[in-house]
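There's a structure below that I have some questions on.
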Amino acid sequence: MANIDRRQFLKLCTASAAAVGLSQLWVPAIGEAYRKAAGGNPPIIWIQGSACNGCSTSLVNTVHPDMRELLSEIIDLSFHPGLSSGAGNLFIDGLYRIATENKGKFILVVEGAIPLAHKGALNTIGEDSSGKAVTLIDLLKNISGSARFIIAVGSCASFGGISAAEPNYAECVGLEKFIEVNKVINIPGCPPHPDWIVGTLAHLLLYGPPVLDDYGRPKMFYGGLIHNNCPRRQYFDNSIFAKNFGEDGCLLYLGCKGPLAHGDCPTRLWNSTSSWCVDVNAPCIGCTDPSFPDLTMPFYKRMPEIKGPGITSTADAIGIGLGVATAAGLGAHLAGNYFTGRIGPRKHKEEEDV
Amino acid sequence: MARELYYHTLPARILHWINAANIGLLTTTGLYIRDPYHFPLFANMDIARKIHFIAMYLIIYGIVIRIYYSWVSKDYRELLFRFRDFKGFPALIRYYLFVSKTTPESGKYNAGQKLLYNAWAVLVFLQAVTGFSLYFPDALAGFVRALGGPVVLRQFHFILTWVFIVTVALHIYLSFLGGWSVIKSMITGYFPEGESMQPVSEDVEEVAEHCMKWH
Amino acid sequence: MAERITIHPLNRGLRPLRLEVEAESGRITSARAGTTYYWDFEKTLRGKDPLDAVQITQRTNGLDFVAHTTASVRALEEMAGVKPPQNSVLCRNILLGLDIIYGHITHFYQTVVPDYVPFPPGGSSYGLPDLRINGEPAAKIQKNIWASFAARELIHRTMAVIGGKVPHICNVVYGGITYLVNSPDILKIQAILKDISRFITGEYADDLGTLENNYRDYFNIGAGAGNFLSTGEFTTGGPAGSLIPARALIGNKTVEVDKEMISMDCTGSKYKSLGPEGSLAAELEPVPDKPGGYSWVKGAVFAGTTCEVGALARMTVSGNPAIMGLGETAVSVLGRSRARFEECQILIARINGWLAQLLPDEEYALKSYVPEEGEAVGTAEASHGPVVHYVSVKNNKIHRYNVFDAFSWNLCPLTANRKNGPVEHALTGVAIAIPESPVEIYRVARSF
């Protein structure tokens, strides 16, 4: 089972196989792959920007392969703020050293958005040996050019996410708006499923970049709409909607954003197939979508509000308002027609008839 | 009985009612899909969506055929809104606001009608663009993204629907205001000679005078 | 001879820190600890639906997120004057308990241990001094670090059964929870809890013991000012009150905690308060180059004093016998780790109890609406310390929202009355052997 081709691998990445357990198959396969590669497997440099670091927490929840297999057999996580030893300028210098030694080889993983306000002063990540503060912008400018692949993990790094939610004081942007040198592979989600991160890394190591959709997301994980694969789809088709938490039915009226969010959550399930948002009667909040969270809020209401200069209204209110205004206008006009005698009983004719 | 003029050709009438039916179905199913509780017009989402998806193709074909027909039958000469039609608006508005009693002079259709009918073709095009983006969220993902994302498109699609509802309501209202002759003409094709398409004041002399002027 | 040492970043914790200490003849005379990045949802939440706060504020932190959800909904529930159903109280307790255990295991194996035993194995290129555990015992701890990842995954697996997905759960909403676990779920949770419990009483206990035996001096390093605070946690609605009382220990004097007595102090942080001064409701304006501001942490003080929070504070105010038995040495680098372990043991037993108390056929969510106007403060204990949420609502929208987490307490920047936060306090007086590699500073700062 040591060698699997790309088609088999993609099959393994689909949700139905995930439950069976990938590690027996892909751990040896990837081991084989990087033994073949002359210089071993490329090192991974993981950087955290403006984020809650929940993406790293989510990565720890990987099961097939587990963290030990992942870190000691599959990938070479040379640098991670949550796992690496060292502190202070050793940390920054060590990072630069790894990047320089592996120029053109390493995989750069970024978790969190990049705050551009105040020239990056809102996020300084350390000091180099000369005592100069290094902002996240400095660091990314310095090393992103020499990375072989760049992966944005989480919605913040991909599209700005929660960090860039309006009014976005810190002027946070996602990686793809910051880096032009390399094409970024986006793995959005708040946080992303560990399989999405690990599967993408494995694909990179084995076969190079995976096929991406128009949002830069690997198609093998973000290929379908949540809504189309939802176990409650039957409820939607039959117009059975839950009005309160805990009721049976489609969660559309409780704010479910499944109809716009892409991901395989309904079939992959979260935390070792334990559950997922809709399984606990909670609406999907659309966390993999570029519009998250600005346009997927309110999370527990059907549709977001439309904000215009001086007005804040829902599309429904605007529509119904238009309808009422029309009815009133036409009614008034009808009355006008009647009173001016354009319509209604015509006295002359009646007299003639009689 | 007054002589009747052949006013609307058979293809124009058929296309009118096909398009009317499609717009009606699209609007009602659309409202239901958007909010089944407040617009309980269909049995379930499945039916409403399927009708919506069939009607959306039919309306596009209907509009395309209508445009083609107006080209071959040359009735675009009467239908197409041109810049010079703007001149007709002041008189029309004065008439609708009861400032003047006489219906404004125009060809077969007045400036308002032309604008409305032309606007519908544009509206249908916009609805098709936004609608198909929502219908093929994956194939058209890049396009959806360029337009501001699915949420923005959905809201836009919905607001446009209300523009349809408002304008169609106006159209129906004005047709009914015109009386049975107007409605009948869209069924049989014939309109009584000498009658006005729009209601006029009860001052008979003025009506007569006006009618003469109109011909 | 005075010497200045700057450590930036100090990683592997909840958030990276920047430490700046002044040392004289190898002993720290003053210390400053802060964070160097702006991370605040106050501006984002303004004008939003109050119900959304539970999701947004959860993203404050990738480890203590359950506490943020809980504090957020508690604030709204208090504002509305509603009491969530018993089932939801129990489920939130279970989630919070599991999250605290998760935080403790993560803290011990990911934050603390690599300062004593190099990790990843063979990857100790940074050359930490003072590594006293070698050979077989070190290999065992390294193996258990890998095992801790698996244990953490198990904890999240149980939490996901209740909460949908982890991190960032989705079942906690205003007025209750969205889903009540059924009997198969409970069986699954109980089965996994046994594995987690085995890890805590086995590997975790052993490794903590190994550390304590080899580093006894760290029971005398890193003491604080001795002020402790807990906002209280784990009520079950019964007459017994909460498992951990809302109590503070200020200079050996016990004070019952009233939320009114908590105030904000942004003297040393990079925020300018636009008033009301000192209130949790104060509107804050970020000022990146504020004179005297050295941290992006909003300070929180109780009765004018900075307080140490976290497991040690909770175990102290609740009078845990194991921690009381340590006496003076409890307030120390390893005392904090010991308190975390003791709390894990208590919680794992309680979680089983709460599971048994769930009433499958009873309600678990209120059908209630958030009031149009009002303000309230909600609190919840997280593994690193209490989370405090202030919310005010106007016209059905959030008017102001202020989030304080454990950092606001333990990393409270210099206050108006020139008081240092607990981390700064604990660093002061610590002796440094090698200024180029000040492992003592790492160990003290990472003990919180």
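Just a few scattered comments:
Note that the chains take the letters A, B and C in the order they are written out, and that residue 1 is the start of every chain.
Just so we're on the same page, a contact is a pair of C-beta atoms (placed from the backbone, for glycine too) under 8 Å apart; a residue touches a chain by one contact, two chains touch by 3 or more.
Predicted model, so just to flag it, every value in this text is computed and none were measured.
Chain-to-chain contact here is organised linearly: an open path runs through the chains from one end to the other.
If each chain is reduced to the average of its C-alpha atoms, the one that sits nearest the average of all protein C-alpha atoms is A. Between the chain pairs A-B and A-C, more C-beta pairs are in contact across A-C.
Chain C has its Cα centroid 64 Å from the Cα centroid of chain B. Averaged C-alpha coordinates give centres for chain A and chain B that are 42 Å from one another. A straight line joining the Cα centres of chain A and chain C is 27 Å long. Listing the residues of chain B that touch chain A in their complex gives 34-38, 42-46, 49, 96, 98, 101, 137-138, 141-142, 145, 149-152, 154-155, 158-159, 161-163, 165-166, 169-170, 173, 177, 179, 199-204. By the touch criterion stated above, chain C contacts chain A in their complex at residues 6-12, 15-16, 18, 36-39, 41, 43-44, 48-49, 51-52, 55-56, 59-63, 65, 110, 114, 118-120, 123-126, 128, 146, 149-150, 152-153, 156-168, 170-171, 173, 176-180, 286, 288-289, 364-365, 367, 442. Remark: chain A residues 48, 50-58, 60-63, 66-68, 71-72, 81-91, 94, 115, 118, 121-127, 131, 133, 136, 162, 165-170, 190-191, 244-246, 265, 270-272, 274-283, 285, 293, 297-301 touch chain C in the complex.
By the touch rule above, chain A contacts chain B in their complex via residues 213-215, 223-225, 236-239, 241, 253, 259-260, 262, 289-291, 295-296, 302-304, 306, 315-316, 318-319, 322-323, 325-327, 330, 333-334, 336-337, 340-343, 346-348.
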